[in-house]
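Below is one structure, written out as structure tokens; the observations come after it.
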Amino acid sequence: MISRKTKQRVAFTTFRLLGLAVVAILGWILGFIIYRGAGAINWEFLTTFPRKGMTDGGILPAIVGTLYLVLGSLAIAFPVGVMSGIYMREYLGDRWLARVIRVMTNNLGGIPSIVFGLFGMALFVRAFGFGDSILAGSCTLALLVLPLIIRSTEEALRAIPDDHRAGSRALGAGKLETILRVTLPVAMPNIITGLILSVGRVSGETAPILFTAVAYSMPKLPSGILDQVMALPYHLYVIATSGTDIAGARPKAYGTALVLVIIVLAVNLLATATRACIGKKTKRD
Amino acid sequence: MKWTRRLAKHTIEGLFTLSGGVTSLVVFLIIAFLFREGFGLFRSPAVERGYGLCVHAENAVPTLDAGQVKRIFDGEITDWKEVGGRPGAIVPFRVDDLFTGGGAMDDDPASVIPRVEALIARTPGIIAFLHADYLPGTKIARHLSLGNITPSDFFTGREWQPAASPSPRFGALPLILGTLLVSLAAILLALPLGIGAAIYLSELAGARMRAWMKPTIELLAGIPSVVYGFFGLVVLAPLIQKTFDLPVGESALTGSLVLAIMALPTIITLAEDATRGVPRAQREASLALGATRWQTICRVVLPGASSGIAAATVLGIGRAVGETMAVLMVTGNAAVLPRSLLEPVRTIPATIAAELGEAPAGGAHYRALFLLGCILFAVTMAINLTAELMTARSRPKNI
Amino acid sequence: MIETKEAGILTAIETKDAGKPTAIETKTAGKQTMIETKNVNFYYADFRALKEVTIRVEARAVTALIGPSGCGKSTFLRLFNRMNDLIDGTRLTGECLIDGEDIYHKSVDVDALRKRVGMVFQKPNPFPKSIFENVAYGLRVNGARDRSFIAARVEESLRAAALWVEVRDKLRASAFALSGGQQQRLCIARALAVSPSVLLMDEPASALDPISTAKIEELIDQLKRDYTIVIVTHNMQQAARVSDSTAFFMLGELVEFGSTKKIFADPDHDQTRRYVAGRFG
């Protein structure tokens, strides 16, 4: 019989290897994209239109399009999400209705993005008649990140001790005044962190905008919210799978992938920095 | 002054309430839209909308179903007796044949119908697929109705050929099975790695290792699925093609690998949370009794974390089932019943993504894609609810 | 292998029984030392939690560790089964001997040490398993497979922990179904099952009501016939009631160590007097 020490040694070695394997796989992906993409990125790549069937030139319209979609969707989702979070945390308490709404929010977060795409097409593109446009795409993406923003708002509000609220109420402030003047300002940095993370989520989504906003190629930048746009993730999909010269477009695809990774990286760093900042502040208090 | 403030207060609080219900509203709207469009499929005729089928007036065949029609036009059924009629060769005819024959290019019904009628009258074995405008009178031709597409056509049909003419096939079985195959294989690949890494992270890794491994994993959870798909396309697919000596690298296995990698961050994070949730006091109790760390992990930590780990698994499956872009890019997208992991398959989300752009709004194809969306929605909803129940019960009062 | 292991556990029990007369002999002959520390210093990273602690703990007696919160008494207790090892960045200097063996020596098997030195924690911490499985746990992880042996040992331990009568009809019920006091006695039974020679108790009654506390104290009094018990307590009366010797700690230093009677009645140090008196009210 093998002694339990040996068993432990075998098991721990296995787990260490598994852990390292995961690190290796994830590092491989990041390393690969960065290594291959770094050569493709330069100022021209970021600031010009694609040329020669996407094998030359840059990705400016895709960057701009993604920017519009991010701004558009967050302009909708942020106020609605924060208000919804406030309602759920400060007004609903723990009644059955609260539980229903919470379950619905969680479920909305778990619905596959392609289903949002279908829904967005049926509702915004067709029923509301927005057509394939920044507006329809932003609305669809807004629904997608709504649960994320609601959850981070709720968490941020939950982190605030009830003493704060009680203190304000004891001074004769109403519930709403307490929320607006005491609770929300304190929670705001954490809410902002949630907002930053949703930027990452929105900028990388493809499936929801496939039928609601994106165009394969645009001759010029969009001029209004009812215009179609190009977007980074869709652009990557297109040049990686269905261009006229897939091999020729490869360098551009690596570059686009790296830009997407950099956005996510930046967003995560920014969120971490915000959190660290908050940590310091609360410590000083 | 006073009343304006009160008005403002009520307005703002009203907005809060309104926003509070927004997610529930969206879920209901999604259900309403998806299911209305999706179930519209069963009110769609089995033959392409705006077209009709007819046979010679004296043809004794009782009726045909969509599958038979397809096989007739594909040349797989060639004799009427095979479908219950009198023996005699079947002559399939499309109205296009009339024009490609070199005859007049006139497509005015008034001139086309007599020619069609003449053709049918002199060809007893004919089956004609015609635009509704060109359908001849019932004296000469018997109109065949194939009825509407039925749920069993959809859920148990083995052929997904939405562009087939005259009767498109919407058998979702290959897609459903393809989705299951790819997702389950992905989870089987990801689970040992993910749970192993989670145990490493929560029980074995030093503080410094954890300090940079956790954010990295979080970062990877945020990388867009197209990037993973792209990685799969340029790295994994060629690798698999070479390893297994396949004609193409895009296969169910490639999809599973990409999905497994994508599911890793989710599984690791949730499983690590679950193992860390096991009270320190219980670990200490076990160690204080002379149990080794490994015995403590096996007998105390893992059982304590089991429901959390199960929830992580279920959520991982949910993610995998709904993942679109990465799968679309690497599975090869052949809508056939999957027979092995090394063949191309097509999943439900990939089908929607690939075909919705070409499906005319309101048509049977469009509705079929929405119905696929309904399946996806129902499945992921069920998965999420299951996971939620599991985590809700993860703090056991009893054994 | 299984046999030898079980035999090992059995021998441990038997030798204890066989050893009883010898122990009494030595006890009558003088004091047998079970635990001994020499100039122990203990650090949490840069913080020095224990300073030059030297002590001799008598076998088959109850030694109480008292002192204000944060004085290092719990840290000191956790030295003896090396529970402090679980915290990153801790360091020890000096010597710590149990039964004459340096337990911090490189060759020491920590798991085997913890089997010899049982521990009862501040809050009852049963596993989310049945009452039976809680007690059987230590036996199983130490390789016992024979059912009748395990069953016998579980009963024996539960009896020793004065819990048998209360739970014998519901051994398969969840340990969480017991009251707090019962849970703590279950934890004691669980520790006894692996036949330790030393029992460490970290404020074992602080989370319990007075009646349960009394039961635990009574139990400690019985257990000291077979086990060397070291107990951390912040309850002066409890220390006075249950212990034979008392050690008073302050700011990581062992201020005074002696018979409980002397510490409470006529301590040498002023600090001790003030602490003991202050606590009495």
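To keep things simple, chains are lettered A, B and C as they appear, and every chain counts its residues starting from 1.
The definition used in the following text is that a residue touches a chain if its C-beta (ideal position, glycine included) is under 8 Å from a C-beta of that chain, and two chains touch if they have at least 3 such contacts.
A quick note: this is a predicted structure, and the numbers were derived from the prediction, not measured.
Taking the mean of each chain's C-alpha atoms, the chain closest to the overall C-alpha centroid is A.
Averaging Cα atoms per chain gives one point for each, and the point farthest from that of subunit A is the centre of C.
By number of C-beta pairs in contact, the leading pair of chains is A-B.
Centre-to-centre separation between subunit A and subunit B, using Cα means, comes to 24 Å. Rounded to whole angstrom units, the spacing between the C-alpha centres of subunit A and subunit C is 53.
Each chain gets a centre from the mean of its Cα atoms; for subunit B and subunit C, those two points are 61 Å apart. Counting partner chains per residue, subunit B has residues 292, 295 touching two or more of them. Residue positions 111, 141 of subunit C each touch two or more of the other chains.
Counting partners per residue, subunit A has 4-5 as the residues that reach two or more other chains.
The touching residues of subunit A, counted against subunit B in their complex, run 4-5, 7-8, 11-12, 14-16, 18-19, 21-23, 25-27, 29-30, 32-33, 79-81, 83-84, 86-88, 90-92, 100-101, 103-108, 110-119, 121-123, 126-127, 143, 146-147, 150, 174, 176, 180, 197, 200-201, 203-207, 210-211, 233-234, 236-237, 240-241, 250, 253, 257, 260-261, 264-265, 267-268, 272. Those residues of subunit B whose C-beta lies close enough to touch subunit C in the complex are 206-207, 279, 281-282, 284-292, 295, 299-300, 303-304, 396-399.
The part of subunit B that touches subunit A in the complex is made up of residues 9, 12-13, 15-24, 26-27, 29-30, 33-34, 37, 192-194, 196-197, 199-201, 203-205, 213, 215-220, 222-231, 233-235, 261, 264, 268, 292-295, 297, 315, 318, 321-325, 328-329, 349, 352-353, 356-357, 361, 369-370, 373, 376-377, 380-381, 383-385, 388.
For subunit C in complex with subunit B, the touching residues are 81, 83, 86, 88, 111-116, 118-119, 121, 123, 125-130, 137-138, 140-142, 174, 176-177, 187, 190-191, 194.
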